[in-house]
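Below, each structure is written out as structure tokens.
Each of the next two complexes has chain A plus one more chain, namely chain B in the first and chain C in the second.
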Partner chain A sequence: MRRKIGKLGKFCLYNDGYVECEEKIEKSAYTPAYGSFDFVYGPSAGGLMESVRLDIITFGEYIRDVIVNPYYKSRTIKIKGKEINDALLYIERINAPFTASHTIAFLMAIEKALGIEVPYELLLDRIAEIELERIRNNLLVIERLTEAAGFQVPMSSLLWLVEKVNRIIGKYFGHRYFFGVNYYGGINVEEGKIKDLEIIEKEFNELFNSLIESRIFIDRLQGNGIIKNEDSIGPAARAANLEYDARNEEIGLPYKDLGFKISTYDSADAFGRFIVRGKEIFESLNMLSRINLKKIEYTNRLAEGKAVGRVESPSGDLAYYVEVNNKGKISEIYLLSPSSINIRLFSKSMVKNIFTDLPFNWESFGIWISEIGVKFE
Partner chain B sequence: MLCLLILFLLLVSIVISLFNRKIGYSLLGIASVLIIYQGLHCIFLLIAGIVWLFSSAFSIFYDNYGKWLSPLFITSILGMYIVLISNNYLEFLAGWEIMSIPAYAIIGLNKKIDYPAFTFMAFGELSTALILSAFIYSYSITDSIYFTELSSPLPFIISTFGFIVKMGIFPFLVMEWLPITHGSAPANLSAILSATMTLMGVYGIIKIASLTQRSIVTQDFGFILLGMGGFSVFFGALYAYVSEHVKGLLAFSTIENNGSILTGIGVYLISNGILSHFALDVTLVFALAHSIAKTGLFFISGDVEGESLSYVKIAKSLRGKIGGILLATSMSGLLPNIGGVAAWGLLESLFMLAYVEHSILSIIPIISGSIVAMGEGLATGALIKFISYTQIFKIGKTEGSTKSSIILLVGIIILLLGSDSYIFFKGFTAGAPCLGMLEGLLIVSNYGKPFGGISPLYILLLLFIISLITFGIFGKPKIRRSETWNNGEKLEEQYSSFALANNIRMMLSKLLRTKILENEVVFSADIFWEAMYSLAKAYKKFSRILSTSYMNSSLSYYIFYMILAFIIITLLAVII
Partner chain C sequence: MSWFLKGIKRGIRTEKFPKEKPLEVAPWSTKIEGEGNVNCPTNAIEDNKWAQEKCVFCRRCFPSYKPTGDVNIFKVEKRNPTFRKSFYIYPIDVGTCGGCNLELKLLTSPQYDMSRFGIFFTNTPRHADALLVMGIMTEGMREALMRAYEAMPEPKLIILLGACAISGGLLGLPPEIKGDVRIAGCPPNPYTILKALVETKGD
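Coming up: the complex of A and B.
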């Protein structure tokens, strides 16, 4: 079945390709009803990690609509006219927690555009990067959920696990946020099997099971932010039993060779997204145990071309459309970030919820504002 | 002689107000002063006199409703005065109708829609019909049109239902709130509808109760009144809390207060001796507290622009704010205001009754007391909402007005009445020398033995002294003003009054029958109005069936009815 993922510049991206399409601006159906008012949360308030403004249209407790304005963190990045490796320096800084996903999607678009055959071992290295990034991000999302519930002990334990993952990334890739790891022509990596993953698995397993058993915690998540939408992506889709995952589709990374299994749940709420993220951590650890990191390089080509590179980032589909001219410089670039789609899903899922549900639901989508307000020049 | 002078003044003011309403209201004010003087020996006259005095003063600055409001307003007051001074059934009924009809006319003249005026009149006449039938029965057993002792409790029970209709007690709540809210009665009329017209109901019940010999029936009837009162307190307060209408909230609050008063009457009927006396005192103090504070609050409602609490506009005034807060705290049952004394007294009466009964029946006053306490809590919430959105949050254009001075004056009277409330509790005052309290400055609840006590004057003095000491030690408070931080954004819309009560709407959605409509508007059904509406529709349906089946214009049917009637009459004649 053909599935639309989202808007990628002037194109609409589908799971099997992209076509040029018109911009369809979805307007909020909100009309002010008697007694409703606009409760402004953000752009700089406690509980928010990044600058974002949430206009909560409410009657008091009951939420009628949420309008998210992510453009308090807007950036214009000059990339056009730059060489590929120079451009990468900017791409990897768009959203540091998702650096691997961004740089790999960008490089995959370049490589596809230029018709480069990427060595198999390098693709496995890239899978290792993305899956480590996923583990770290999912741990952080779960930590944010426990923070919203005021659960200090699991919160600190999860942060410690995040730190452990950061140290592993730093050890094998030379930078805790994958800066300078991927480049056009190869990868900087410490060769060998990734160690200490079983400690993370053991500790997380204990934490995850304790949280599932905590009635106080799961009460805040169950029934909160239900969204079952065909336009969903990432954990939000999979929590609604929709088997949407770029890793399961032909995107150029050999996930199937690692025995990848899709993780789903059927509640479509914040609890479902929490479960899916937890299960994905185990699945990622399982895949990582089968990867042997190798430092590989390939020969660059100077050619003209255009293509889309797509990966399954921790929060869903992330894609770049890139055009390269015959001088090896970027002439056009578009980004489809998962957060731009997840914001829409979050807003829809908040309707008819109450105030106290908001932080749990917001965190469950794993939205990063930094990757939304980006303009390329 | 004084009565005749007051009646003369009232009649003259009616006539003069046709030509000059300010002089008319001024004459009403003079008459009210005389009524207050007369009321030094009769609390109902005192309460009514104070309300009418302030209403007349407020009306001078308020009335721009054309030439009919003032004469009709004064006529209605004349009717109430006749009720209060009447010593026979005929005068009482005449006063009752003189009170009701002009109020109906004012609501009708200022109507927005038709049915509130008709509803008011329909319930008003239901009240009259019940009272009339009770009085006819009283006449048949006493053979006198004068108020004399009644051996049967029946006139009291029937007339009480008549008076309850006028008080807007469950199940007749629409009598109270509908004309005030939906008819948008002028604020001065709302004040007397809510403060003194309901007071006439209280007066009527106590008057007839005082004539009726106590029996097991009156005692059992007291328990019924306890139940009805408790129910009205809770639902009146709950609907006041969720009401968005400036006057509607106050009208529901009146139902809550009248519920408390009825509960007090219930204790008065059930108990004997000292407790009964204490309960009567509490009932009267409650009536005083409610009538005066509610009058002031209705003045505030007349001083605002708009009907919806979320969007009202009011002129900024410190006097209005202080007065309003005093009135709201009194209505919330907080000491040292008179409302606080009344609320304390009522709860004490109920718990003393439970103690005295010392049987399974004790559970009834305990439950009633709990419901009244819950209602008081909700009423506090409702009044905080009212005062916040009418006096505190909104900033108007002008500073001060004569109307706000009147509000402040009423507020101060409420405070002074509270700290001087010992005069209403003769026989229930004591002292506590070990605590430094002089003799007579402690009100003691009593059922034969002392139960509890408060000293409103000491509370007032302590508040004053502690404030002075604090001021003396720490000096003028250092106030640091800073810009409000709104997450780095310009301040936008304020928290609406609707939102303030929406948590209750959501929590008690089953009880309030809260629905979220298709356009996402949150709506709580008014179960009382819906019940009345369903009843009216059922009656209409029944009438239609009756008219089409029984009175169907068929000649053969009528001949059949005549023959049937002839046979029945003949049989009855033979049997008898």
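Coming up: the complex of A and C.
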């Protein structure tokens, strides 16, 4: 089945290609109603990880609409005219928590554009990066959910795990957010099998099962932020039983060789997104146990070309369209970030919910504001 | 089993840092040493000298320069013992990539547990002893930064976290605010942040 993923600059990106298309700006359906008021939260407010403004149109309990403005901290990234490896320094800093996904999607676009065959072992290293990133992110999302519920013990235990994963990444890749790891021509990595994954599996297994059994925790998630929508991506789609996952569709990375199995659920709410993220942590750990990290290089070349690179980031499809000129410099670049799609899904799913649902629903989408407001120059 | 008992069963997981050495530090977040002129994208290396506040830890200088594992890459120019018992920080993101935000948050993880030093985050600048700024200066956040600063009671400290906030790093210009404390890194390691905060509160 052909599915539309989203806007990638002047293109519409589909799971099997991209075509030029017009921008359709979705307008909020909100009209002022007697007794409703605009509750403003942000842009700089405690409890928010990043600067973002939420306009919550409410009667005090019932939510009529939520308008998210992620552009307060918009950054202009000067990347055009830069050589590929210099451009990567900037790509890394678009969204640190998803740096592996960003740099790998960008490099895959470049390599496809220039017709480079990437060694198989390097592709496995890249899967290891993205899956470690996914584990960290999903742990953090679940931690944020427990934080919203004021559950101190699981909150601390999950943060302990997030830090543990960061240390593993730091040990094998030298940097806790994969800066300076991927480059055009190779990878910086410590060789070998990743150790200490069993500790994460054991501890998370205990926590996940306890959380599922906790009525007061799951009550806050069930029925909260229901969204069953063909336009969904990532865990939001999979929680609605839609089998959308770039790891299944994108031929660039050999996920199938690692026995990848998609994780789905059928409630389409914040609870479903929590379950999917939890199941994905086990799936990622399973794939990581089959990978042996290797330091591999390939011969790069200067050529002209354009292509799209796409990966399944922890919050869904992430893609770059890149054009390179014959001097090896970036002449055009577009980004489709999962957070820009998830913000729309969040707003839609929030209508008709109640005020106290908001933090749980917001966290369940795993949105990072930094990757939304980026302008390339 | 109740969450309380589950917590007890897990035991204490807080590390002894800063009394004892840090464990498992990612190399590219620590002090860099070496020799020679290299092609550094932020001019953090000039005339054989490394300027910690400009470094974005990109590894371009490797192997002429190497990370040492030393996490002491911060500068405390003003500390205030008034805050020795309790030190409330209001973090503000004026244009980050999310990296500094996450490392800062990890100070609340059991490994670091900043609350054992009386360090806490506050949700409002009105209750804050220090304003912690991270990210490059973006147009949209200029007013929010100014307002947060003005809303804080005296005495107040300004902490700049990360290369973006101190020097603009790679991506832009830093906020126009003078830091009493400057914590280098891209992003700074939680060990570095914790040690800097403990010193800032006058311990």
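Structure notes:
To be clear about the criterion, the second predicted complex is superposed on the first by the 376 of 377 C-alpha atoms of A that agree within 3 Å, B and C clash if a C-alpha of one lies under 4 Å from a C-alpha of the other, contacts with A are read in each partner's own complex, and residues count from 1 in each chain.
Definition applied: a residue touches a chain if its C-beta (ideal position, glycine included) is under 8 Å from a C-beta of that chain, and two chains touch if they have at least 3 such contacts.
Note that the structure is a prediction, hence the values are computed from the model and not measured.
Once chain A is used to superpose the two complexes, chain B occupies space next to chain C without a clash. Judged by the touch definition given at the top, the superposed model places A:A33 against chain B, while chain C stays out of reach.
Once the two complexes are laid over each other on the shared chain, residue contacts for A:R167 go to chain C alone; chain B is not touched.
Greater residue coverage of chain A by touch, when chain B is weighed against chain C, goes to C.
Put simply, the three-chain overlay gives an angle of 90° at chain A, taking C-alpha centres for chain B and chain C and rounding to the nearest 10. In the superposition on chain A, A:I212 makes contact with neither chain B nor chain C. In the superposed model, A:P43 lies in contact with both chain B and chain C. When the two structures are aligned on the shared chain, A:V118 is found in touch with neither chain B nor chain C. By the touch criterion defined above, A:Y62 lies against chain B but remains apart from chain C after alignment on the C-alpha atoms of chain A. Annotation: superposed on chain A, chain B and chain C show a minimal Cα-Cα gap of 5 Å. With the contact threshold set out at the top, residues 43-45 of chain A are in contact with chain B in one structure and with chain C in the other. The touching residues of chain A, counted against chain B in their complex, run 31, 33-45, 53, 58-62, 64, 352, 354.
For chain C in complex with chain A, the residues that touch the partner chain are 3-4, 6-7, 10, 13, 24-29, 41, 56-59, 90, 92-99, 101-103, 105-106, 108-112, 121-124, 135-136, 138-141, 144-145, 148, 169-172, 186-187, 189-190. Listing the residues of chain B that touch chain A in their complex gives 244, 308, 310, 486-489, 492-503, 506, 516, 519-522. Those residues of chain A whose C-beta lies close enough to touch chain C in the complex are 43-47, 49-51, 71-77, 86, 89-90, 93-97, 140, 151-154, 156-157, 159-160, 162-163, 166-167, 169-171, 174-177, 179-180, 188, 210, 214, 368-371.
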